[in-house]
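Two complexes come next, and they have one chain in common, subunit A, joined by subunit B in the first and subunit C in the second.
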Partner chain A sequence: MGEIRFLSEDKLRQWLEELSRDCSVWAPVKEDEAVVFRLFDSTKELSLERQPTAPPKEALFPKSETMLLYRYQKDPEDPGKQSLELKERQPVGRQIVFGARPCGARGFTIFDPVFEEGAYHDPYYQVRREKTSFVTLTCTTPENSCFCHWVGSSPSDPAGSDVLLTPVEGGYALEAVTEKGAQLLDSDLLVEGEAKRQEAEAVKQGASEALGQAPDLSDVPERLFELFEDLDFWERMSAKCISCGACTYLCPTCYCFNISDEPSGLAGKRVRSWDNCMSYLFTLEGSGHNPRPTKAHRLRNRVGHKFSYYPELHQGIFACCGCGRCIKSCPVCVDIREIVMSAKEHADAS
Partner chain B sequence: MPHSANPYLPAIGTVQEIIQETPGIKTFRVTLNEPGAMEGFEFKPGQVGQLSVFGSGESTFVINSPPTRKEFLQFSVMRVGEVTTALHGLKVGDQLGVRAPLGNWFPFEEMKGKDIVFIGGGIGMAPLRTLLLYMLDNREDYGDISIIYGARSPQDLCYTYEFEEWRSLGANLTLTVDHEFPDWDGRVGFVPSVLAEEAPSPYNTVAVTCGPPIMIKFVLKGLKELEFEDEQIITTLEKRMKCGIGLCGRCNIGTHYVCVDGPVFSYAELQRLPAEL
Partner chain C sequence: MDELKQALKEEVPELDCLMAWGQGFDPLHATPLFIRDAGEVDQVIWNPLCVQNLATYLPGLKGKRVGVLVKGCDSRSVVELLQEKLINRDEVTVFGLPCSGVLDLKKLAARMPEDFGMVREVDLQEDKLVITTAKQTHTFDKQELLPTKCLTCQYPNPVIADRVFGETKSPVEPAEGRYFDLEALEERSLPERLEYWKRELDRCIRCYACRNACPLCVCRDHCIAETREPSWLRQEDTVREKLMFQMIHAMHLAGRCTECGECERVCPMDIPVLTFKRKLNKDLLELFRYEAGVDETAVPPLMTFQVDEENINERGW
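Moving on to the complex of A and B:
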């Protein structure tokens, strides 16, 4: 790591206000019982004490976004004839995501190869990705649903971040992870912080130790592939699931989407919105046939995608950042860690 | 090399001709509006396109005209849902969105010098028609070409008006319907039974099949009984799709996305994929 800068606690708001002068800043704020990412302004109260209820997914992948505008126009000479005009909508403006945990920033590193490196690039994601910086907060006290260390991450994982902010006595130690991040640290509110290096490292190490030992998941992709046709296994794993989709919406790495049209007379928009692979309708075909007709089939695909298909396609990386939101938010206590471990053990036993 | 332009932005096209194939299926002949777009449109037999009726949405259909005949792009649409109903409501001159070509194609180069057996059911004849016409337009490159095409009833057969052309260009066409109908002089019986009766030799032959899942299941069984190897059987799949470019997460079978890694698969490739059709 390079240079350490220090920001005292009482200057944090001022720094965010300075940053939000020339770009939008997403920051975690408390709304009722939830902590969610909202565009920061001077009226908003920050909430940095706990993992935000929802990850900052919408900053790069809005819940709903207009992709195209269309307009049919009647020919005044011949009203039976219509012309059609299409307009692309492109996201604009720089933005900063402040205060996400490393798991929230890492989530987008799972999106990147899919949306930016395949045969087709997603221009909407790509523009936002390019114009967004991540100032990420080191996790100091992992929760019991946290398992980032299982999937190759850690409470101070810099992957996907531009600046890493670690809480220390009286403020924060800041390290630039990227060149983009170094530019953000060019503020008179920050001071030289080399003296805080050791303390920051101790905080990081303490958090990592609090997580304990991680199981070896390297054989899980293969095990899941073997279990594909064992529908009994998937029926057991999904028995409690009510297909509500909370896990998918709150997941920093879930990117399934729907495209639909919203007409208003002869004009309208084509919209992309988050979708949920746990829904029966997700794969229902026009003929009535459904290749994933039961929740067992759907959970098999969801877990399979994260822990088998994705790693097979992308250098062994799991499409999971271990944030544990799916565990915390599941109304019926489905725990993806249990499913992964059952797959590992089930196959060991057979 | 990634495709550069916005892959979600359709080209605008015009419906030039509509053919009522069966009570529930219409064929649309479409040209792209932008000057030079039709001449510059490059695709291979088996590739698909997404058609948009804005306000209703977008769905995937095979381009069933061959690259050897580029005066228009042809799509056959069975009315089953919202978008297909909107498409059926279009009339000649209407505008629509076209995102094409998408997906992979039939291995038409590797099939050169071989005998070809097409086995189609209902609307499943659409993708086969593309490859068939491509081969008939390059007749000397291929061996014997035979077709077994079936539908529930004579009025459920598509492309009836060009059967004579197929025959005159050198295809051996066997038609079948599920049961007896007045004035029907073709075969009677399900496609897999007719396949067993015709019993094409697997020697230097490639079988290409598309149709309803139940037909494909028994056709595959029949081809195996005739001792076709898995590599000699080609099919093309359908899945619900949205993006068409491998992102939205609907059409995958394990690691393979039908929209970009398919829709064309050999039976050998399908055997290696998890069973989630």
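Moving on to the complex of A and C:
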């Protein structure tokens, strides 16, 4: 563990203002009772006391982004002939995501292999990934919906973060996780904080202990494969699901998207926007056939992808960071932990 | 409660499925329970945390024999679904529960933002709510945590039921009127209202929980919000598109919405989307003296017309 720096509570805004001088800073802000990530400016009130309602997903993966602009030009000599003009759009600019919880930052480590490795490299994601740093706030007390320890993470997991902030008496203990993070700590507002090390460690340990024992999920990918054809199981699991997209859109690890052209006359935009596997249209084919016609098929996919197909492709890692938003923001409290455990136990019983 | 459970146990063998509430992932959250075996009836709970409107599932289960537990407000959805012939009366067994108000968990979250997610124990008393969390104990007046629909509730008793369990409750007559919550917004100018909605809808994530939780949004998989042909909404993340969807939703519910409040309750981003529908309902009440979902035989005002409408001065301008 590296050097510890200390930032007193009253200097926090000042530090953020300093950081936002040469890059955009996303920070959690309260709007009604929702806490959302917004670009920080001096008028905004920070909300750090609880897990943000939405994770900082849009910092690297906007809800909707313009990939290119197009325009058809009619040939005045021959109106039947058209030429096409394309203008590429690329994200630019450095940014910092401040105040996400470790689960929010870790979510992107699930994106990385999909968008940056293998056959497909996504330039939009890659540029943003490179230019973004994460200054993450460790959790002190887990919520009832938290289960990061089930999926190999913890309330102070540094994975995906560049700096970790731990609340201590009078302010925060800061530690750099990466070289990128160390550069952010080069500020006169921060002081040497070795004296806070023990307190910070105690906070982290306390949070981890409060989560209790995690079940062993190592056999779950296999169990889910076995349950693939058992539609009766999935009908029971999904009976109360209302097939909305709250779970997926609030999930730090869900990365599915749609690409569509949005025309206005002869010109238009090609946009990439969030899409979700809970929607009937997600898999509706041009022929009219739909391989996932019911919510049972769709929930099977969501759970299967996170706890079976993704780990199968990516070194056994679950595509879930245990943030619990899909549980606590679900209109009807569908609990993914319950489904995973039912899969494990169902297979044990048979 | 014992009487209710006994009756449910007797009924379950006759049904394909019984819908009730059970305890969710923590002491504050209830969750819909789909019961197929009489033994599961013991998991049923009935208290002010039973917020979900289970009538939402009825159109999807058409053709099956189902039982459903309803509060007064939920029962209006059942009536409206029958009015629109979206469900068959002989397939549904309605267990009615007179209700003195459910809790608005968003109001509660606002009162205890730091430890709302860490509740260990909930003690529901007559007028009070004592909540113990990982950090402290809170005591609240129940009245302060009721959603607007309960503060203005006209139908605490089921308007339709095969069996009713519990004592009859009295409707609420708010001194400020049934639509007191709309006044602040109505006083604003149109540009001010637009500014308000721009700010509120900006954080919408287009998850369509408001639509899917609505018992009367029955187009389900064919909603024009998402179809590409016709393409009514664009995929861009703008307030224009989001507001357009809310208008589509509200207009399609005009004369149908029973104000069960599910759209607003389920919004993960805490956007007050019920306001649109309450405004329309207020107008419907003033113009047509009509309320949806109280009379199975009533003809909705937008399904008919009168040459001279009583409260619309069509030739006066």
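The rule is simple: the second predicted complex is superposed on the first by the 350 of 350 C-alpha atoms of A that agree within 3 Å, B and C clash if a C-alpha of one lies under 4 Å from a C-alpha of the other, contacts with A are read in each partner's own complex, and residues count from 1 in each chain.
Methods note: contacts are C-beta pairs under 8 Å (C-beta built on N, C-alpha and C of every residue); 3 or more make two chains touch, one makes a residue touch a chain.
Please read these numbers as outputs of a predicted model, since none were measured by experiment.
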{"item": "Clash-or-fit label for the pair subunit B, subunit C on subunit A", "value": "fit"}
{"item": "Partner chain(s) touched by A:Arg292 [first = subunit B, second = subunit C, both, neither]", "value": "first"}
{"item": "Touched partner set for A:Glu31, first subunit B, second subunit C, both or neither", "value": "second"}
{"item": "Touched partner set for A:Cys277, first subunit B, second subunit C, both or neither", "value": "first"}
{"item": "Touching partner for A:Asn258 - first (subunit B), second (subunit C), both, neither", "value": "both"}
{"item": "Partner chain(s) touched by A:Gly212 [first = subunit B, second = subunit C, both, neither]", "value": "neither"}
{"item": "Partner chain in contact with A:Pro76 - subunit B first, subunit C second, else both or neither", "value": "neither"}
{"item": "First (subunit B), second (subunit C), both or neither touched by A:Ile327", "value": "second"}
{"item": "Smallest distance from any CA atom of subunit C to any CA atom of subunit B, in Å, after fitting", "value": "6"}
{"item": "Residues on subunit A lying within both footprints (that of subunit B and that of subunit C)", "value": "258, 260"}
{"item": "Residues of subunit A defined as touching subunit B within the complex", "value": "67-68, 70, 72, 80-84, 86, 88, 114-115, 118-123, 225, 228-229, 255-261, 263, 268, 270, 275, 277, 282-287, 289, 291-292, 297, 301, 304-305, 308-309, 312-313"}
{"item": "For the subunit B and subunit A complex, residues of the former touching the latter", "value": "2-3, 6-10, 12, 54-59, 78, 80-81, 84, 91, 93-97, 212-213, 238-240, 242-243, 245-255, 260, 274-277"}
{"item": "Subunit A partner contacts - residues on subunit C that touch it in the complex", "value": "17, 24-26, 29-34, 52, 56-57, 106, 109-110, 113-119, 134-135, 199-200, 203, 205-209, 211-213, 220-221, 226-228, 234-237, 262, 265-266, 268-272"}
{"item": "Contact set on subunit A toward subunit C in their complex", "value": "31-34, 36, 49-51, 53-54, 62-64, 141-146, 210, 236, 239-240, 242-246, 248-250, 258, 260, 262, 269, 271, 273-274, 276, 279-281, 327-329, 331-335, 337-338"}
